[in-house]
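Each chain gets a letter, A, B, C and D, in the order it is written, and its residues are counted from 1.
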Amino acid sequence: MTKVNEQVAIDHGLKKDEFKKICDLMKRTPNLTELGIFSAMWNEHCSYKSSRKHLKNLHTQGKRVIQGPGENAGVIDVDDEDAIVFKIESHNHPSFIEPYQGAATGVGGIMRDVFTMGARPIANLNSIHFGSTQHKKTKNLLRGVVKGIGGYGNCIGVPTIGGQTCFDESYNGNILVNAMTLGLVNKKKIFYSKAAGIGKPVIYVGSKTGRDGIHGASMASAVFDDKIEEKKPTVQVGDPFTEKLLLEACLELMADDSIISIQDMGAAGLTSSSVEMASKGKLGIELDLTKVPCREEKMTPYEIMLSESQERMLIVLENGKEENAKKIFDKWDLDFAVIGKTTTSKKIELYFDSKKVADIPIDFLAEDAPEYDRKWKKTKLPQKIKFKKENFKSLKINNCLIKLLSNPNICEKKWIWNQYDHTVMGDTIQKPGGDAGVVRIHGTKKAVAASVDSSATYCFAHPLTGGKQVVCESWRNLISVGAEPIAITNCLNFGNPEKEKNMGEFVECVQGISEACKYLDFPVVSGNVSFYNETKDKGIKPTPSIGGVGLLKNYKNMLTMDLKNEGNVILVIGKTEGHLDQSVFARNVLNEKKGPPPEINLFNEKNNGSTVMKLMKEKLILSCRDVSLGGILVTVAKMCIKGKKGVKLNKLKSLINKFEFFFSEDQGRYIIEVSKKNFKKVENILKENSVHFDNLGEVQKDNYIYIDNGKISVDELSKHNKNWLMEYMVQ
Amino acid sequence: MNSSVIIFPGSNCDRDMDVALKKFGFKNEMVWHDDEQLPKSDLIVLPGGFSYGDYLRCGSIAGKSKIIKSVIDFAKKGGLVLGICNGFQILTETGLLPGVLQQNKNIEFICKNVFVKVNNKNNKYFNSIDKDVLELHIAHNEGNYFCSGDELKMLEDNNLIAISYCNKKGEVNENSNPNGALQNIAGIFNKEKNILGMMPHPERMIDKFLSGEDGSIFFTNLLNNLK
Amino acid sequence: MKIKVIVTLKNGVLDPQGKAIQQTLNGMGFSSVNEVRQGKFFEVDVNEKDEAKAKIKVEDMCKKLLANLVIENFEIL
Amino acid sequence: MKIKVIVTLKNGVLDPQGKAIQQTLNGMGFSSVNEVRQGKFFEVDVNEKDEAKAKIKVEDMCKKLLANLVIENFEIL
């Protein structure tokens, strides 16, 4: 076996000081297997060494929170016996190398996180970011990622009910694939990863272990003999069929109380799962690696511990339950092996061929893992741009609207969601294409809404504001479908934390997220950090993706965005200040990329949202959509398109010009449709709550939007909105 | 009426089908693929999903499962066998129905509502449905029906093309064909019309909050015809 | 002993995947590609030392499972 | 000119299909099957009379589209 020295440690991605610390802790030089284990546990992905300090500031408490960050997924109370388990996770780097498998295994991984806790997955979502639509790789990456997400989720039979798709040149060399899953569990039957009890059997179940995904960096070339080619780290290949079996088998085993603790093997496979279980239970663990079911011949302890083969789980069972458990896994044709036991040693002790091959105190791997307080730089709020009259002179509202509706980031994403099974399980009551997806809680009156959002442009311009904004947008999207927002999960995609600018973006986004969550009582219950999203020194824009979840106590009160009936009144809730900086209009029509993002006023945000919820409770709202990218007119147009209706817009009473009014992206706004009969009632409630609103116009039967003295055909708008992506993909 | 839904490893519309059958009054039982005996049933359903991961060819491996022999016997004796989506694929792989379901023409998975024209009402499945066009939902990657010229002729001559993809008005044409299926075929019968294989999922359209309600018509009618 | 098998679509059977690949290749600048047909390849490892016997076994597997003779042909290499 | 290509998964890459097929064959009574690996087969019809030239073109296609070299190998027959 290779002799471990500083260079080998560096090849494993460890820093010199870190290697020294390991030798000091161990009071000896670790062997190669031990070094591999340290490198896996101490790397950014498992140890959160750059982010931990800041994540502590996130707001994680709330009256519905059953489990916050720190477990496989977060858990929230949705009344009665029911709880929702959910989390979002990134699979960015693998998806860039192999889009299909990378995205597929991303979906597989997040679903395992959720059913590990005893929940049956009931909905998937995804947030995907690609480079410029002009970039030569974009189309293939998009096609591969969408096929991969669909390929995995469709096969398991979990509906993909929503998501978000962005294009921006900062992702040219580094796409983002974030997958989110929601599961349903009985509150009394939630499973955790904390091991307990001494001498309890440790069980390996699922697929066999191969040499998949053993970290490139940690593969010191000296490990290899003559068969280097054969042993090269390989991309993980997903097997959704096995995952479906694993899901059913685990849920079957969870029906009684055989399981003490359970943990899926995700990143760093057997290493992180066994260490985490022991660490949380303050126990030791002893494994005999000879017993691990292997797919390939002659796998070494090093490879077995670091393999990232998919569709595997580690379980600590009650004594005496092995046989019954084995029966279940046999029935589902899965591997099952007792590979070790819990001990009092507080160490991880590994045996192979009856020899001890590793012996490390658990604390060294978990608690003593490095934590950095990295240097970071604040981003100053950019100067507001003064748009001059001439800027707008030559512009026509109609053309601008068409341009925005066919903008890659605004256009309809049907090409994507048509490839996702979004109706399996028979409870999807709001399909993709709305503000949030909604699924019923099977057999009850309740439903849960979920949405994923990011706004890298805003975050890049001013991370603190951007961080707040994404949380607010998520909150608005949930309210817009009639749900009460409950909690979020977050996937923090950033560049290189060793660079002060990138670290600053991270710190300030997190701060923004935290402030907004606290103010809105919208806690973070789970999440994931993905750093080093950079290629050739060029990092991505800071991209926190927020996955929000809300509850509808009665699904019959769900709202949709399609306009309902002619003669109804359309209102904009919230004040339109005319903030164009960083809007899609400014960036793509005016070609102005500077300036601050729209300001977030948390008081107004909360007040507007709560008041909209009040109106909903009184059943006064007929359709609803929040105002996001593209501003008021884009939002109204989408409501017209969905409802196949027109709108007659009133003459502006605003002081700002019409482009600012129609296309600005001021925050905290919603568009609602109310009947004439209820208009007074609505007006009173809005006034009582000091909510600013504007009367926009009236729903028309004929398919036109009337502005000023002109009109635009909704069919025409619809074509531009629906066709862009389809045409782009078939070209 | 008693129904049985067969569960293969990888089936994923088994529960949905169970919910639908029960909602419309069937007494339904779930049957594991490894069993050899079928419970007493008036209707056997092979549900949708990805039996055996759709590996090799969709439905091919399920076609070799233990229970399938009993299903074949049951069908040959005239028992009602309904295959939805993957179930249809299994029926073609076992030879109970002619032809094969190939990958969709656009090589993409398709999940959306479609219209189908009911071509033959002289059978237990569609007898006394008053609509000629139903709105149903599809979700598949391999729904592109293909068979030999002789087989097609046999299907046509005997009026065995149960449903064809069409538009809202009932016109069967190229534009209303979602997946490239031969003659817009969405579902077919065997000669005796006790076996029906179809790609659309009626079980996903059983209340007004879902993709539509025409699935309710299908199940209500089926139950009535069996009484 | 490892036996190799190729399974191809019969003539006249539509091959959507092959068609899509051909179009993509054309689009990528490989304008000289007239047609692409996609099939399957299997390597079956049988516990059998005699090649002829192994092939007979594999032929049987092809007929019973590996190929769908309605639309596919197979060839043992 | 028609060029034939076989694309196979690299050693060590999981082949879930192959595994499922092997188990099915075993279940059907073909107990002597130890392993099945599944790959793809392509027949590319190129407008090119010179075999060597045609093969060079197809090799290029393999690298750019037909095979995913991260997980697959290809062989031109």
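One rule holds for everything that comes next: a residue touches a chain if its C-beta (ideal position, glycine included) is under 8 Å from a C-beta of that chain, and two chains touch if they have at least 3 such contacts.
Being a predicted model, the structure only gives us computed values, none of them experimental.
Between B-C and B-D, more C-beta contact pairs join the chains of B-C. Work out the mean CA point of subunit C and of subunit D, and you get 9 Å between them.
Averaged C-alpha coordinates give centres for subunit B and subunit C that are 29 Å from one another. Subunit B and subunit D, compared by their mean Cα positions, are separated by 33 Å.
In terms of their C-alpha centroids, the spacing between subunit A and subunit C amounts to 40 Å.
Residue numbers of subunit A whose C-beta contacts span two or more other chains: 239, 241-242, 333.
Touching two or more other chains at once are residues 65-66 of subunit C.
Residues of subunit B found to touch two or more other chains are 52-53, 55-56, 61, 64. Because contacts link the chains in a way that matches no line, ring, star or complete pattern, their graph is best described as other. Listed in rising order, the residues of subunit D touching subunit A in the complex are 10-16, 20, 23, 68, 70-71. Across the complex, subunit B meets subunit A through its residues 9-10, 12-13, 15-16, 19-20, 34, 48-50, 52-55, 108-112, 137, 139, 141, 201, 203-204, 206, 209-211.
Residues of subunit C that touch subunit D in their complex: 6-8, 18, 21, 24-25, 28, 30, 32-48, 57, 60-61, 64-66. Looking at the complex, you find that subunit D touches subunit B at residues 16-17, 20-21, 24, 27-28, 38. The touching residues of subunit B, counted against subunit D in their complex, run 52-53, 55-56, 61, 64.
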